[in-house]
Structures are given as structure tokens and as C-alpha cells.
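One chain, subunit A, appears in both complexes that follow, with subunit B as partner in the first and subunit C in the second.
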Partner chain A sequence: MSTLLVASSTATVLGRLTEGTTEGGKKTFESPTKNDFDFPGLFSHDGWFTKPILIVILMTTLVAVFYVLASRNAKVVPSKLQFAGESVYGYIRNDVALDAIGHEGLRFAPYLATLFSFIAVNNIAGIIPILQIPSTSHIAFPLVLAILSWVIFLAIGIKKNGVFKYFKDMMFPPGIPIPVYLLLAPIEFFSTVIVRPLTLMLRLTFNMFAGHLVLLLFVSGGEYLLLHYSNHVVGIPVGILSFFMSLVLSLFEGGIQLLQAYVFTLLTALYIGGALADEH
Partner chain B sequence: MASTAAVLVAAGDFNPLLPKTAEIIVGIVAFGLLYYLLSKFVFPMFEKAYAERTAAIEGGIAKAEAAQAEANAALEQYKAQLAEARAEAAHIRDEAREQGKAIVDELTAEARDTAARITAHGEEQLVAERQQVVTQLRGEIGRLAVELAERVVGESLADEERQRRVVDRFLAELEQSQNGTSA
Partner chain C sequence: MNGTINGSLNMIGYGLAAIGPGVGIGLIFAAYISGVARQPESRGMLQSIAILGFALAEALAIIGIGLAFALK
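This part shows the complex of A and B:
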């Protein structure tokens, strides 16, 4: 029981939840699977309060504190912290909201900036030591955000044009031979109303999922090679290389995590911009 | 070992496509609270700072433009003053040249007058001196003539007889004139 605890605690530090089985004193290597994303409750095994939930709460609190401190006593000549906060908000406001949506984009800048910040910090949690799991790799969080963006851009389109005209503009763009509409109308409806939220959700979730899996593979593989592999002459250097690669890939993963937050935000902005556009 | 098996079985159930209810709720609440906080208290402050900054920059630009305009006006003024001064200097130079010419003319005329006067004066003096010389010469010539005549006469008439007669006649004339004056 105590060895199990030790094993599970080291595995938790490394982000592993499942371990290879022991057969006749020799450990076998099991590559990380989807089950490594299944975290038990922190207080009771089946409790709802799991590590991803803790990370969401922690990272959301951190980003909130950061922004509140940055905006407190906001001055014309900004402090370093204010400058940092303004830079993030200003980037989303100017280069995403205003560029993708147009002058009406200013209204959506707070939503888009919150979206970006929220996704970015929850992604980045994947390469923060101890946290080491992007909470956005659990589909519930991207689902919430994708549905939110979906509701927003549909509501904006319907509010602007009315239900009938919005769907008519979407499914029957002018200047196309009538028989083509048989094919085009369902495709347009499908791509706008169904594919958009699904791709938003799945792209984010599984980018984070796959990234975490790759890091897990290098870390757990490195651990196995270093400690348990029968041939130490091969195992130790390759294990070290594997750990080194996990560091390199963590940096790479950090880039992807920010990029995915940006992509989610930019696509939401583009969908809102499309719903606001006069002609389709 | 039973708990390990339970963990493994439970872990085997994990489906990454199935959202957990607790996570959905936490996601909604966390994102909602974050959005409320940021859109209510944080981003408006940033917008305010942007607006103030824009205003400050525009104010600065306006100020700079005003300063530029002022500088331009001053420059124009200086240029005008310089041109004016140049014109005045040229005017003064012309005037001075004219004045100098006038003075030279005047002096020339005066000199000519003086010269003429001096010439006239000299001529007058010359005439007067000539007159004087002529008068003096006339007296001298008479005396010299008389002396010469006396000498000539004295040589040729050196006899007593004639001398006496001349003296007598002279005396008689003298007497006669004396008588005539006293009578």
C-alpha cells in the first residue's frame, strides 16, 4: 500500500496517473494513454474537485489578480505591470477585434480579451511545473467556450438581420445557379452552425491533449529508460536525451498553447465579424 | 490491491470526448466571473488610459503646432524687420550719397566763387599798384628828365651869361608870383 502511494505520488509529480505493471521484478513500459487525463478527486477519490478544476480556479484567479493589479491606478504613463496588461488587452483589441470585426469590434474586445486570457493561462498550465496539465485538454472547458462563442455570433447575426434573413443570407448567397443551392444550402448551414463550434472545441481540446501526451511520453519514457531499462548503456543516455527532449518540447508546447488561444480568439472574432457583415 | 484494480477500471472508462458536469459548471462560473471582473473593472480602465494617452498626445501635437506657428510668426517678423532694416540702410546710404554729392557741389561752387573773388581782388590790386607805379614813375620820370635836362643843358650852356639870365628870369617869375599872391 505504501509503495503504491509512493509510486502514485511520483507519477502525479510527473503527470502520470497510470503506471506500468510489474512482472517478475521487471517493469514493463506502458506508453501514456487517454487514461492519463483521468484525474481522481483531490479530497475523495470520486469527488468532483479534480486537478483540472483546481487549475482552472487557480489560473483564473491568477489572471484576474494580474489584470486587477495592472489596471489599478491606470495612468497615462503606465507602470510595467499596467503596460503588460494593456499590451495583452491592446493586442486583442486592436489586432483581433478591430481588424477582424471592424469598428464595431470594440464592443467585443472585452469578451475576446477575456477569452484569450482564459484559454492562454489554462493552456500554459500544461508546462507549469506541478500543475503540468492543460485544463483545456478536458473537453468540458473548450465546450463551454465554444458554445458561448457560437451563441454570441448566432445571436449577433440574428439580431442584425432577423432569423429569416440571417439564415437566408447564410444558406443562399446570391449569384449562384439555382440547382447548386441544393448542395450549397445544407453545406453552408452545416459548416456555419454545426462545424464551427465543433471545430473550435475539438481543435483546442485535442491540441492540448496531444501536446500533453507527447510530453508525457518523453518524461515517462525517459524515466523508464533511466531507471528500469535492462541495458543501462543504452537506457541512461537515451533516457537523458528523452528528458532533454521533453524540455525542448515544453518550450514548443508553450508556443502552441499561446497560438491555440490566439486561434480560438481570432476565429471567434472572424465569426462575429461575419455575422455583422452586411453581405454574405 | 482491490483499490488499485478499481482505479484501473475507473481509469479505463475515461472518454476524452465526454465532458464532465462539474468541469462544465466550473468552466462557466470561472469564465463568467473573469469576464464580469475584467469587462467591468479592468478593461474600462485600460480604455480610459488609452483615451487619456490619445488626448495627451493630441494635446502635445497641438501644443507643438502652436509653438511651430509662433516660431514661424516670429521668423516672419524677423525677416520683415530685417528687410525693413535693409531697405532703411539702403535709403540712408542713398541719402548720404546724395548729401555728399550736394556737399561736394556746394564746396566746389564755393571754391569757384572764392577763386573768382581772389582773382578779381588780385586784378584790382594789380591795377591799383600799376596806377601807383605809373604815378610814382611819372613824378620820377619828370625829376629824372629835369635832372637829365639840367645836366644836358648845364653842359651846353656853361657860360655865366646865360646862367645869370636864367636865374634872373627865374627870380623874376618867382617875384612876380610872390607879388601876385601878396597883392
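This part shows the complex of A and C:
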């Protein structure tokens, strides 16, 4: 019963109680579409200040406050908060920055830790009650993050080797028969300069998009089966099962959300490491 | 009870397209698990490689779902 309550409140705050058309007194089910990701403005209907923007502002503040509080009054014997902050930062520094980039990775640890924290909390907003939309499922936010990472790894590579040598190392790795370069050079250029930022952006966006869509489907489908489906003998048990599945999938989605934040950070670190490496 | 299904055929195409990355990701983690089983101390090194391979294979599936929604 409590499962039901939680899930039905979930359906309500998702703001999407099956908006099917009425046909002969019966509602029809309409599966969620990409239109469910468009929110009206909070203050005026067409305003720019929508729910995802509110979430980004909230979460950015949260991360900033968390790290400031965790690093203030740092002691040798850490407090609980300091320990939490050091765990996250230490993990990114040691297991991502230093492992993927090498000893120079220390310089990039703050950026990577910020990136990870920002993406992680914005993704997790997708399963926090009331917020319940991962703001990163709107392509604008991953777009900016991907462009940032792209500019950083290109700038670092160019700064280290100079424009000519950087692109020469990237497009013409040594030890390959010369005719193959005709094929290899454009592919290498394409995959490094165009595909990398594009996949960084699309991976994060559509993972969050698809995950949210699946949750929407189970919640709105469960609501439809419970209340509007003509055959109650089938509808009610399957509807309850559907709500239960939405809860299980919320947990699963939480794992995916953290994993995607980690993947974005790890790939950024690997790209920076590749740009810093002496030989390709 | 005569049910009708509304929606885009794109989604069926996406479902078919997701088979490839699905198999690929399965192979990547199978290799990772057997690698760790043979040599448990190599876990840390293998993990980032496995996640990288997973991310690259998954990109194909993700591009698929992007196109399934974007192309009409």
C-alpha cells in the first residue's frame, strides 16, 4: 500500500496524469513522448525560468555549499562532512585524474571533481521526489559541458605541442604504410575533433532522456491501468506491478546516473591524457 | 478490447539497432569479468578500460535513440 502511495504521488508530481483523449467515455493511453520534457515557465507560461533551470541553480548552489563547508576548518582528524568531501574529491583525484592522465593529472583534479559533482547531482535530481527531472536530459547543459571539455583538451594539446605538431601527431601516427594515411588521417581527425564532443554530449543527454522516459512510461502506464482500463481483473494487478517496477527502476536509474557522471569525467580525463601524451 | 497501437515505427528500428551495442556491451563486461577472475589484482586497471569500452559501445545505442526521436 505504501508502495502505491509513493508511486501515485510520483505520478502526480511528474505532472503527467495520462492526457489521453476520451473516446466513448473511456480514456485512451498515450505513451510519453519528448513533449513531456518541455515545462512551462514557473513565473509566466512562456518564461525562460523553467523547472530544469531551477534544478540547475539549486544543485549548483548545493555543490558549492557542500564543498565550501567540507573544506572550511579542515582538520587532521576530519569531521563527517569533511570526510565526505574528501572521499569524493580523493576518488576523482586518485582514481580518475592520476590514473588516466598521469602525474600531471593533479592540475586537472579540481576541474574533474567539479565536473563529476555537477553532473552527478543534476542527474540524481531525476529520482529525487518533487524535482524528478534530470536537468541534464535537456541537451543545453551537456552541450556546454562537452564544449568546455573539448576546448580544454584541444587547448592543452595545442599548448604543449603547437598547432602543427599536435594535429600531425593526431592524424599521422608513425609506423604505418603511406597510402593508408589517405584513409586514416581524415578518420582520426573526424573522430578526435568532431565525434568526441558529440558523443560526450549525446551519451549523457540521451541516457538521462531514455531513463526518464522509461520511468514516465511505468508510472503513467500504471496509473492508466489502475484507474481507466476497462478490464479491472487484469488492470489492477498489472497496474500495481507497473508502479512497483517504477520504484525498482528508480533505483536502477540512480546507478545509471552516477555511472554516467563517472563516464563523462573519465572520458574527459582520458582525452586530456591523450592530448598530454608525448607519443600517440 | 480491440487495441490499437499508436506511435512511431522509428522505435522498432531503434529496438533492432540496440541489439548490436547490447551484444557489444555484454562482450566487454564478459571479458572484464573473466579478466578479473584470472587476475584479481588487475581490477583497478581493467575497470577504467572496461568502462571506456562500455561508453564507446553505448554511444552507438545512444546515437540510435537520438535519431529515433529526431528523425520523422
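Operating definition for what follows: the second predicted complex is superposed on the first by the 265 of 280 C-alpha atoms of A that agree within 3 Å, B and C clash if a C-alpha of one lies under 4 Å from a C-alpha of the other, contacts with A are read in each partner's own complex, and residues count from 1 in each chain.
Everything that follows uses one rule, which is that contacts are C-beta pairs under 8 Å (C-beta built on N, C-alpha and C of every residue); 3 or more make two chains touch, one makes a residue touch a chain.
From a predicted model like this one, the values you see are computed outputs, not experimental measurements.
**Student:** For A:90, select first, second, both or neither according to whether it touches subunit B, subunit C, the two together, or no partner.
**Tutor:** first
**Student:** A:53 contacts which: subunit B (first), subunit C (second), both, neither?
**Tutor:** first
**Student:** A:207 contacts which: subunit B (first), subunit C (second), both, neither?
**Tutor:** Touch partner of A:207: subunit C, not subunit B.
**Student:** Any idea whether subunit B or subunit C touches more of subunit A?
**Tutor:** B
**Student:** Between subunit B and subunit C, whom does A:34 touch in the aligned arrangement: first, second, both, or neither?
**Tutor:** In the superposition, A:34 contacts both subunit B and subunit C.
**Student:** State whether A:262 touches subunit B only (first), subunit C only (second), both chains, or neither.
**Tutor:** The second partner, subunit C, only.
**Student:** Tell me which partner A:270 touches in the superposition: subunit B (first), subunit C (second), both or neither.
**Tutor:** Only subunit C is touched by A:270; subunit B is not.
**Student:** Using the superposition on chain A described above, determine whether A:230 touches subunit B (first), subunit C (second), both, or neither.
**Tutor:** second
**Student:** Kindly list the residues of subunit A that each of subunit B and subunit C touches, one partner per complex.
**Tutor:** Overlap of subunit B and subunit C footprints on subunit A: residues 34, 205-206, 209.
**Student:** With touch defined as at the start, can you tell me which subunit A residues reach subunit B in the complex?
**Tutor:** Residue list for subunit A touching subunit B: 4, 17-18, 34-35, 37-38, 40, 45, 48-50, 52-53, 56-57, 60, 63-64, 67-68, 70-72, 74-76, 78, 82, 85-86, 89-90, 109-111, 113-114, 117-118, 137-141, 143-145, 148, 205-206, 209.
**Student:** Spell out the residues on subunit B that touch subunit A in their complex, using ranges where they run on.
**Tutor:** 4, 7-8, 10-24, 26-28, 30-31, 33-35, 37-39, 41-43, 45-46, 48-50, 52-53, 56
**Student:** Which residues, counting only subunit A, touch subunit C once they are in their complex?
**Tutor:** Listed in rising order, the residues of subunit A that touch subunit C are 30-31, 34, 95, 99-100, 199, 202-203, 205-207, 209-210, 230-231, 259, 262-263, 266-267, 270.
**Student:** Under the touch definition given earlier, write down the residues of subunit C that touch subunit A in their complex.
**Tutor:** 1, 6-7, 44, 48, 51-52, 54-56, 58-59, 62-63, 65-66, 69
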